[in-house]
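Got some structures for you, see below.
Each of the next two complexes has chain A plus one other chain: chain B in the first, chain C in the second.
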Partner chain A sequence: MPAPSPTLPARAIGGFTAEAFAAHLESQAGAPAWWLERKRAAYATFAALPLPARTDERWRFSTVQGIDLGSCVPATGAAPLPAVLPVKAAASLVFVNNRLVSRSAPSAELESRGVVVTTISEALRRHEPLLKAHFMAQAQRLGSEKFASLHIAFLADGAFIHIPRGVELSEPILVTHAVSGADAAIFPHTLVVADENSRAAVVDSFVSIPGTGADSRQLAVGANDLYAGHGSRLAYAAVQDWSRETLSLQLNASIARRDARIQSLNIHLGGRQSRHESLSELQAPGAYSEMLALTVASGTQEFDQRTHQMHQAPNTKSDLLYKNALLDSSRTIFSGLIVVDPDAQKTDAYQSNRNLVLSENAEANSLPGLEIQANDVRCTHGATTTRIDPEQEFYLLSRGIPRAAAHKLLVTAFFEEVLARLEDAALHDAILGLIRTKLDGAALA
Partner chain B sequence: MANIETIANEPAPGSAVSGIDQSAGNFRYEEKHDFDAGTGLTERTVDYISAVKKEAPWIKDFRLAALKTFLARPLPTHWATRDLENINFDKIRYYLSNGQKPKRTWDEVPDDIKRTFERLGIPEQERKFLAGVEAQFDSEAAYSNIKEAVSKQGVIFVNSTEGLREHPEIFRKWFGKVIPTGDNKFSALNSAVFSGGSFIYVPPGVKVSHPLQAYFRINAENFGQFERTLIIADEGSEVTYMEGCTAPKFSTTTLHSAVVELVALKGAKIQYITVQNWSSNVFNLVTKRGLAHEEAEIKWIDCNIGSRLTMKYPGVVLKGRKARGEVVSIALANDGQHQDTGAKMIHAADETTSNIIAKSISVGQGRSTYRGVVHIPRHLKGCRNNTECDALLINTNSRTDTYPAITVRGSANSVQHEASVSKVSDEQIFYMRQRGLTEAQAMSLSVNGFINDLTRQFPMEYSVELKRLIDLEMEGSVG
Partner chain C sequence: MSSLEIKNLHVSIGAKEIIKGLTLTIGAGEVHALMGPNGTGKSTLSKAIAGHPDYTVTQGDVLLDGKSILKMEPDERARAGIFLAFQYPSEIPGVSIANFIRSAVQAKLGEGEELDASGYYKRLYEKMDLLKIDRKFTSRAVNDGFSGGEKKRCEILQMAMLAPKFALMDETDSGLDIDALRIVSEGVNQLRGPGLGILLITHYQRLLDYIVPDKVHVMWDGRIVREGDKSLALELEAKGYDWVKKEFATA
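On to the complex of A and B.
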């Protein structure tokens, strides 16, 4: 446990003081001792670590002065129910301000086969070994040790999903995390364990509940743990649509075992400044990880995406495609790294970042990296930053389509390459709808 | 290739040319240093260097300011390899001159230096060609004979001391301007203790008929070399400069930290070719950058085969409209070597274009790294960059890394970056073995094929030498 540093400025602690933490621990009374111990250790780490600095290579190009805990405190209090994605779900959970407010349980048939869709607080009582084994099991590698610790320390509740061996779900499980109120901080968490040969899809939706004043600052420090056992297929999608004054830090981690297949799609729409870190471990032969992301950046938004594709066993495959559309004075950062361990022969890894810049003042940063220590591999990456193809634009204009509409068409076409990989048609349409709404609100052309 | 077995048993070949006894690379001559600043670096060292060189006060002030910067800067290990921490700055000899004045004719060149050329395997005809070569013996120019035709064209081709002393009106204006002292810790070090190197000025409209060459050698144990090169190509002129390095093998580490500045004024073209083959105990930490004015073109051709650690990212600042920058980079990392190379392209005017092609080969436990920066700031239009990085891994434990950083602002520019990592195709090797080649020959041919499109851009004698060096490096890697 690092010793608390007395020299840290107040902004490195913000509203997450020792008193606030003590109050939080009190609310967790009755939880197992290991859980509380982990929280205490995490708080000590959080309090000892400084905020990211400009000289930290893992935060290169980030606007680090925007990473400010400010006056946010753990969110409490009731709020109206948030809007949920129009998707037919096998089960759903809705969290507002770190507490479960609504749920629909899986069908009796699924429950009888052992499918669990519940909260972390309940899992602490009924599924303790599984939770202990998988909760925040991966070490942070991308620079957010401080925020991962903050998340663990103040986590009040979250989603816990367990798909037993051989069970296949035909509809996704929908989890909504909402925040409400000024200076409110939430710590959304979704943990999914897919056992051998199971098949499931999980959707996270992140929203701010309007009505608390447009300028209210909010903080979201979220994380997820995805575990795909032997031969399982796990599809995960996250739609981030926080308010425009939210600072969002989201830490995703996935593990794919032998012949498992994980698809993860992150849609970034909201937030003032959003940092998204994604760790994908391919632990056994035949594992496959598909990492996808779409970003619509407008106004002065900043989206900072960092990824790690870790090939730890032979014959594994990963495929990453991150697409950003940049409007106004927005900024995006993509920093990816493919890591091939010395014994991970026959690795097939791909990493691609495509930036479509639609404004004179937008800025796209791309750091596509490789670290390869095995020779019999196929690893490629590509990064492009371009404008709208003038020929395509001309074609649409010559057919009488107004410029703004033409641009909107071309941006959605740009995204379709990623969206087409979604299996659930309703989810595809719901996400496309949100993207269109955001493009409508922005000044295209 | 009948002697493959014997060569393969040699320790990692650091510097030699194919067809020559390997041990020939392990030579060194008696040190006769009339001027020796001792080891370690203090203000006294700088005073001493400046006094020996009879420098103007402004140069001494420049050196002293640079020394302060060097001492204040931390090592860049937050992104670079920690191997840098193994440099013991106190054990390095920062200046040494054998008191020779730059020579003008072949006859005046001391016999032991001629022998050095001989050991390098430079053929008789090429030695004649060396008439246009400046050979570096330790840090002073040992031999310099510019072809008469070149000097008749008005070209100034001198070493750094002479350049700053005899032609301050030309060189002072750009000296330290392309690469400021504080650019990085090692450019500051060079600015404090530089000696040797080439200062070249090409007058307007002059197309230099011969490539200018310089060979560098390090020949004293624990001796670091700190060349300073500044090439100014005036409006509409063209010049090609070639720099090749070989070094004798030493038991302790040696530091080489050069600074090379190029200035291409309007419409000028500069091509700078390097073949780096230091022995595998040398730290080679070099800063190279060019400034391209309107419609000017700067091309770096950079080939790194030797050294223990090379960190070198030739860059071009595209300052004028329609300027063009290009980096062609080949790196070969064998056991115990880390080639950390790449390119920087800083676009600072409309319609500027840049192109980076980097190919690396990692053999045995060698590690090659591509690190690049492409920067296109706000309000520029019509800028384009193309970057291609390909890595070839020969053995199962070879390593390669790619760390590009690309920043683009605005919608009127276009950038693309691609990289791939692969191994030599089994099918190719099988095909060649079936035709009667040994595995080593097949591997060598395949690797040469991988970089063939780049080596073709080298001048003839360099591409031949390069091919031989690669043959030699590949021989120990199979079986």
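On to the complex of A and C.
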């Protein structure tokens, strides 16, 4: 356990002082010893590590001075219920300020087959081995060790979802994580274990509750653990729509076992500055990971996305497509790495970052990368930055469609390639609706 | 009565003048064929009237119902009643035909007017039946992977839905086999009427067997050099464009 460094500036700790941590631990009294020990170790790591530095390659191009804890403290207190996505769900959980405020349980039929949709605090009592095995099981590699530690240290609750062997859900499970209050920090967590030959979809929705400090600074340090067992099919979507004053750090980790298929789609709309790290491990032959993301960046927003596609077994496949639309003076950063282990022969990996730049003042940075230690693989990567196609634009204008509406159509068309891969039509429409709402509020022409 | 008047129009692309003083008036419901060899400025004329930003009008005017449209944005010109059927329509992956045409029809409505969705689909399906277009077509992305015939039928479908006052049809026959040409022509003939004037731009006479023009104009080097009725098209077909070139190259 690293010792707290006396040389770190106070801003590296912010409001997450030893006293604040002690108070948090007290609230977790009654939790198993390993849980508390993990929290203590995590807090020590958090307190010992500096804030990200410009010189760290893993933070290249990122506006590191914006990665600031400010005076945020763990969010508390009641708030009005947040809006939830208009999706018909098999079950749902709503967390406000790290606490469960509303839930709808799975049907009796699903519960009788062992489907669990509950909180982490309940899982600590009733599903301890599974939680212990999967909670933050993957080592952080992409630069946010400090924030992963902060997350573990201060996490008060979250979603715990277990789909037992052979169970197939026809509707998604919807988890809403909301924050309210000025200088409020939340630590949303969603953990999903899909056992052998199961099939499920899980949606995370991240929102700031309007009118309750959402115009002040907020901090969200979230994580999720996705585990797709042998032959299972797990679809995960996260819709990030935090307030425009939020600093968001989100750590997405997935494991695909033999013949499993994981699809992870991250929609980035909100936040002042958002860092998203996605780590996908393909651990056994036949595993397939589809990594998708869509970003609408406007104003002075910054979205920083870092990915690892880790091929650890032969005959594994990964397919990454990250698309960003940039307006105004926004910035995006994409840095992706395909890592192929020496024995991961017949790996088929694809990585693509496409940027549609709608403003002279926007800036898209792209750093695709490969690290291949096997000799019989197919790995392709690429990045493109384009503008609105003038002939497509003229075609739409020539039909009487005003320029702003034409641009909106072309931006949503640019995203459709990714959205079309969603199986749930209601989720597709809900996400498209949020994207259109954001585009309506932006200057498009 | 509607009219589209092109008056002594000069159009340049960059520094190069393509249209060199062209005058032509289309009355309400009239069909005019504009013929001429390749590179003579026919497509340039249609794009300039529609407001394509690459084409600069340096002199002259284009009046719709007596009012100049040259200061209007392309979308304003379209809403005022000008329709360009493209020779090479853009492919727009990710936008369905239904969504695209609905956006265009919506744009024609006044501020605050909501499109009646069921009425819209009823009309759309009627026009599709008229053009022998399968209803599944509406969920396909605009022109994405379409055959030449599908693209042109899609243009005519848009024209039918937007009901313009004047349509500029740029080489609508190009890329069509004889069956597709017949279907497209039938579609145009069904739309033909007192409310729709047409400028039919074509290189070949064969389209005019199906869509019989009221007037024929022959263009050469940015100007109209001969005018007549449909017999002029037949004469041109018989003599070939070399005849025009010989007659006017030195003029």
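We take it that the second predicted complex is superposed on the first by the 443 of 445 C-alpha atoms of A that agree within 3 Å, B and C clash if a C-alpha of one lies under 4 Å from a C-alpha of the other, contacts with A are read in each partner's own complex, and residues count from 1 in each chain.
Following the convention adopted for this analysis, a residue touches a chain if its C-beta (ideal position, glycine included) is under 8 Å from a C-beta of that chain, and two chains touch if they have at least 3 such contacts.
The shown structure was predicted, so the numbers you read here are calculated from the model rather than taken from an experiment.
Comparing chain B with chain C, more residues of chain A are touched by B. By the touch criterion defined above, A:402 reaches chain C but does not reach chain B.
Once chain A of one complex is fitted onto chain A of the other, the partner contacts of A:65 are absent, as it touches neither chain B nor chain C. Judged by the touch definition given at the top, the superposed model places A:17 against neither chain B nor chain C. In the overlay built on the shared chain, the residue A:358 is in contact with chain B alone; chain C does not reach it.
By the touch criterion stated above, A:415 is placed in contact with chain C alone, chain B being left untouched. Once the two complexes are overlaid on the shared chain, A:391 sits against chain C while remaining clear of chain B. Of the two partner chains, chain B is the only one touched by A:383; chain C is not. Residues common to the contacts of chain A with chain B and with chain C across the two structures: none.
On chain A, the positions that touch chain C within their shared complex are 389-392, 394-403, 405-406, 409-410, 412-417.
Across the interface of their complex, chain A is touched by residues 78-79, 362, 378-379, 391, 393-423 of chain B. Interface of chain A with chain B (complex): residues 55-57, 60-61, 342, 345, 355, 357-388.
Within the complex formed with chain A, the chain C residues making contact are 50-53, 73-75, 78-79, 83-84, 86, 89-90, 92-95, 99-101, 103-104, 107-108, 141, 158, 162.
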